[in-house]
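Structures given as structure tokens follow.
Look for chain A in each of the two complexes below; its partner is chain B in the first and chain C in the second.
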Partner chain A sequence: MVLLVIFGLVAICSAICVIAFKNPIHSALALILTFFSQAGLFIALGAHFVAAVQIIVYAGAIMVLFLFVIMLLNLGSLQDTVRQNVGAIKIFVFLLAALLVIEGITVARYVDQNGGVIKDQSLDVVIQRLKDDFKMSDEDIKSSVEKLYGEGTSISNLTSVQVIGLVHSEMGKTERIGTLLFSKFVLPFEVTSFILIAALIGVITIVNRDPQETA
Partner chain B sequence: MENLPLNLLLISSIIKILVIVHMLLIGVMGMIWAERRVSAWIQDRYGPNRVGPQGLLQPIADGIKFLLKEDLIPEHVDKIVYIIAPAIILIPALITCAVVPFGNEIPVSWGGQEYKIPLQIADIDIGILYILAITSLGVYGVVLGAWASNNKYSFLGGLRASAQMVSYELSLGLSIVGVLMLSESLRLREIVLAQSGFLHWNFLTHFPAFLVFTISVFAETNRLPFDLAEAEQELVGGYHTEYSSMKFAMYFMAEYMHMIVGSVVVVVLFLGGWYFPGLEKLVDSGTLIGGVLSFIIVFVKTAFFLFFFIWVRWSLPRFRYDQLMNLGWKVLLPIALTSIVVTAVVWLVSESRLWVGILNFISAVVVASVVTTLVSMRKKTKVVIEDDLDILSGESPSFMTR
Partner chain C sequence: MVLSVLLFTIGVIGVLVRRNAIIIFMCIEIMLNAANLLFVAFSRELGDSSGQVIVFFVMTVAAAEVAIGLAIIVSVFKNHDTVNVDEIKSMKG
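Take a look at the complex of A and B:
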């Protein structure tokens, strides 16, 4: 919980810095810090795999390219260009803030009423979900319960908070994410990779045009 | 590791952290000495041999020199970024070793009970992904230092470094997928445990991937033949041209730390970790001797690989930039990709490491030769186009005669 607050605050402050800094390189640095605190948030929530992917993809690759492009274009300070359309920007910011507040209230009320997603579900449903979605056998469930709550505990005499803890710890594991990606979500997964391939081929075709054609 | 009592876990972790960090720092000193002595040996010179026996205290003399030098901050730099950049490059190098196993387990008796302590600071679920994530941050130190220096040479070095590291990170990440498929885990400890027995060492089963990974580690550490970011003959000193005294020393140390960590990762992933033919049983026995022996084996393998690093640096010339990009994108990347597909299909069909190894090797040779032929064919057409352009620009003799 403390970690969540710390990382959340750092994320918000650095995100504000991204738009407040005049120098694009400083903004990019602040954006990297934002990604890091987001990864920290994921780790605090137990989603280690997502945190690692966040750092590899965003901080490790995309932001390096950002820096590369900023350096290559040699962008100077943006002092002169930003002071246009202040009125329109104010209205936009106001609308966005209002939207965020409404969204926050709705989510908080939903969580308050329903107590998260799995709180009111019976134990059998949870076990069935573990077996169906994560392809876990009885022994798998038994061994992860014993790993979490000590030798000799069985899933039937866990409290509901402990069951939630079990599901959360399973969801964070790389193995379970892999199982989900290649069983339940195989179609979205394949569609995503297809879209990425299409984008890749598009880029190659644009770059690879015959120089004489463009001349 | 789960069933260690909290006190023991805390104490053992603190000891492990202290030992490993200090080993890394002393290792850097050893590497500075070894680099100078080995390069001298390769070039038939003596090298530094005056300070201490065989010049062993030379790194300490160097360190004192760095500390006592004036710490210049040039007027035209971006001060904050300039100061934090050397720290940014040092931190990833230091924290990568948190998940690397330096040996098997050693037994410790605590409160009347025997516990086994793994020689690894943290055995986390995402293991190798953590290493990939952290090493991908090493480039920031170089790029930011280069940009903050506000110097044309530094700037060019930084541009080269960012493009090079992003390119080679891809093949670095893809080449280990085959290894992960066969060991069925991302945990580095389990990857080593899957390699007990010499024939199970991953560099035999995944020889092309091993080569790709090793070359990419060279590129990621900015070592010759991939040190275009420094290229002292072209760019003065590249990204650290404007750095002096301890800040320069931090860049210097970070390079060696990256080398050490990279070598340990290669040993763990491909060279069998703490296993050695004939000693498997002793190493796995869980006795104190076994634990110490496993540590020594990892140490010796790493030392050999570090020697290999130095050997290559003083034997090979630097790549040209287009050669570097061609190698990364047109040779290493296709080899890494085919190795994934071949490993997956062959392992699914036959479940035999022998066939995976043979077919991996053959497919890599085929892919490499096909790709190089295609690339050389493309180059010829390019030359033709340039000739045409020469005619258009009026420099060609044929145009003059008209």
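Take a look at the complex of A and C:
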């Protein structure tokens, strides 16, 4: 919880820095800080795999792209101006924030009431879900339980808090995410590869055009 | 939840206020990140890993989008010598 608050504050401050700095390079550096604190938030939420991917993809690949383009175009010296009609924007942003907050409260209440939360589910449902989603055998579940709560404990003796802890610790594991990715989500996974190829070809085409032809 | 909403709003403000195309892109990244954060938070709350897998997909699509967007910015810069979105009017004819 403490981690969540700290990383959250860092993320918000650096995000404000991104839009407040005049120099694009400073903005890019603040954006790196935002990405890292986001990764910290993911770790605090128990999503270790997502945190690792966040650092590799965002802080690694995407930021290198950004910095390269800023350097190539030599934008460091260009001063950026702020748009003029700020009044209308203020109203719009306020309305949007209010809408999002209302939506958030509604969704959170819905989730609380309608028992999607694991603490309300029976042990059998949780075990069945572990088996379905993660293709875990009884042996796997047993060894995970013993690893987490000591030798000789069986899943039927766990308190509900301990069951939630078990599910959370399983969810963050790369192995479980991988299983889910190649079983339930195999079609989206293939579509993603297609998108990446399309992006690659698109980028090559766009950049290779002769500027005189299109100007 | 609140954190994610805040980050998203900052991203929207950025898109609206700044005129440098690259900074607008960074703000889009912040918004995508806010959505990712929400996915992970709810996946933990509901005890369902699907949210984390979807975050993985969002990141892939974001990477593709940034690559294409920056390529467009580079070619626009070649043509117009600026990345200020108010000065780029050629689409309006």
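By our rule, the second predicted complex is superposed on the first by the 189 of 215 C-alpha atoms of A that agree within 3 Å, B and C clash if a C-alpha of one lies under 4 Å from a C-alpha of the other, contacts with A are read in each partner's own complex, and residues count from 1 in each chain.
Please note the rule applied: a residue touches a chain if its C-beta (ideal position, glycine included) is under 8 Å from a C-beta of that chain, and two chains touch if they have at least 3 such contacts.
All figures in this text were calculated on a predicted structure; none of them were measured in a lab.
Enquirer: Clash or fit: chain B and chain C on chain A?
Expert: They fit side by side.
Enquirer: Please work out whether A:174 is in contact with chain B alone, chain C alone, both, or neither, and reply first, second, both or neither.
Expert: In the superposed model, A:174 contacts chain B only, not chain C.
Enquirer: Pick one for A:72: touches chain B only (first), chain C only (second), both, or neither.
Expert: both
Enquirer: Check the contacts made with chain A and report whether chain B or chain C touches more of its residues.
Expert: Looking at chain B versus chain C, the one contacting more residues of chain A is C.
Enquirer: Who does A:61 touch here: chain B (first), chain C (second), both, or neither?
Expert: Touch partners of A:61: chain B and chain C.
Enquirer: Just checking: does A:136 make contact with chain B only, chain C only, both, or neither of them? Give me first, second, both or neither.
Expert: neither
Enquirer: Once chain A of both complexes is superposed, is A:16 in touch with chain B (first), chain C (second), both, or neither?
Expert: second
Enquirer: Would you check which partner chain A:53 touches, where first means chain B only, second means chain C only, and both and neither mean what they say?
Expert: Touch partners of A:53: chain B and chain C.
Enquirer: Applying the document's definition of touch, where does A:33 land relative to chain B and chain C: first, second, both, or neither?
Expert: neither
Enquirer: With both complexes overlaid on chain A, what's the closest CA-to-CA approach of chain B to chain C, in Å?
Expert: Result, nearest C-alpha distance in the overlay: 13 Å.
Enquirer: So chain A touches chain B in one structure and chain C in the other; where do those two contact lists coincide?
Expert: The answer is residues 49, 53, 61, 65, 72, 172, 211 of chain A.
Enquirer: Would you mind writing out the residues of chain C in touch with chain A in their complex?
Expert: Residues in contact with chain A: 1-3, 5-14, 16-20, 22-23, 25-27, 29-30, 33, 36-37, 40-50, 52-53, 55-57, 59-68, 70-75, 77-79, 83-84, 86.
Enquirer: Which residues of chain A touch chain B in their complex?
Expert: Counting only chain A, the residues touching chain B are 23, 25-26, 29, 32, 48-49, 51-53, 55-56, 59-61, 64-65, 67-68, 71-72, 147, 172-174, 211-212.
Enquirer: Please name which positions on chain A make contact with chain C in the complex.
Expert: 8, 11-12, 15-16, 18-19, 24, 27-28, 31, 34-35, 38, 41-42, 45-47, 49-50, 53-54, 57-58, 61-62, 65-66, 69-70, 72-73, 75, 78, 80-83, 86, 89, 92-93, 96-97, 100-101, 104, 108, 111, 116-118, 121, 126, 129, 133-134, 164, 167-168, 171-172, 176-177, 180-181, 184-185, 188-189, 192, 195-196, 198-200, 202-203, 206-207, 209, 211, 214-215
Enquirer: Under the touch definition given earlier, write down the residues of chain B that touch chain A in their complex.
Expert: Against chain A, chain B makes touches at 2, 78, 81, 124-126, 129-130, 132-134, 136-137, 139-140, 143-144, 147, 155, 158-159, 162-163, 165-166, 169, 173, 186, 385, 388.
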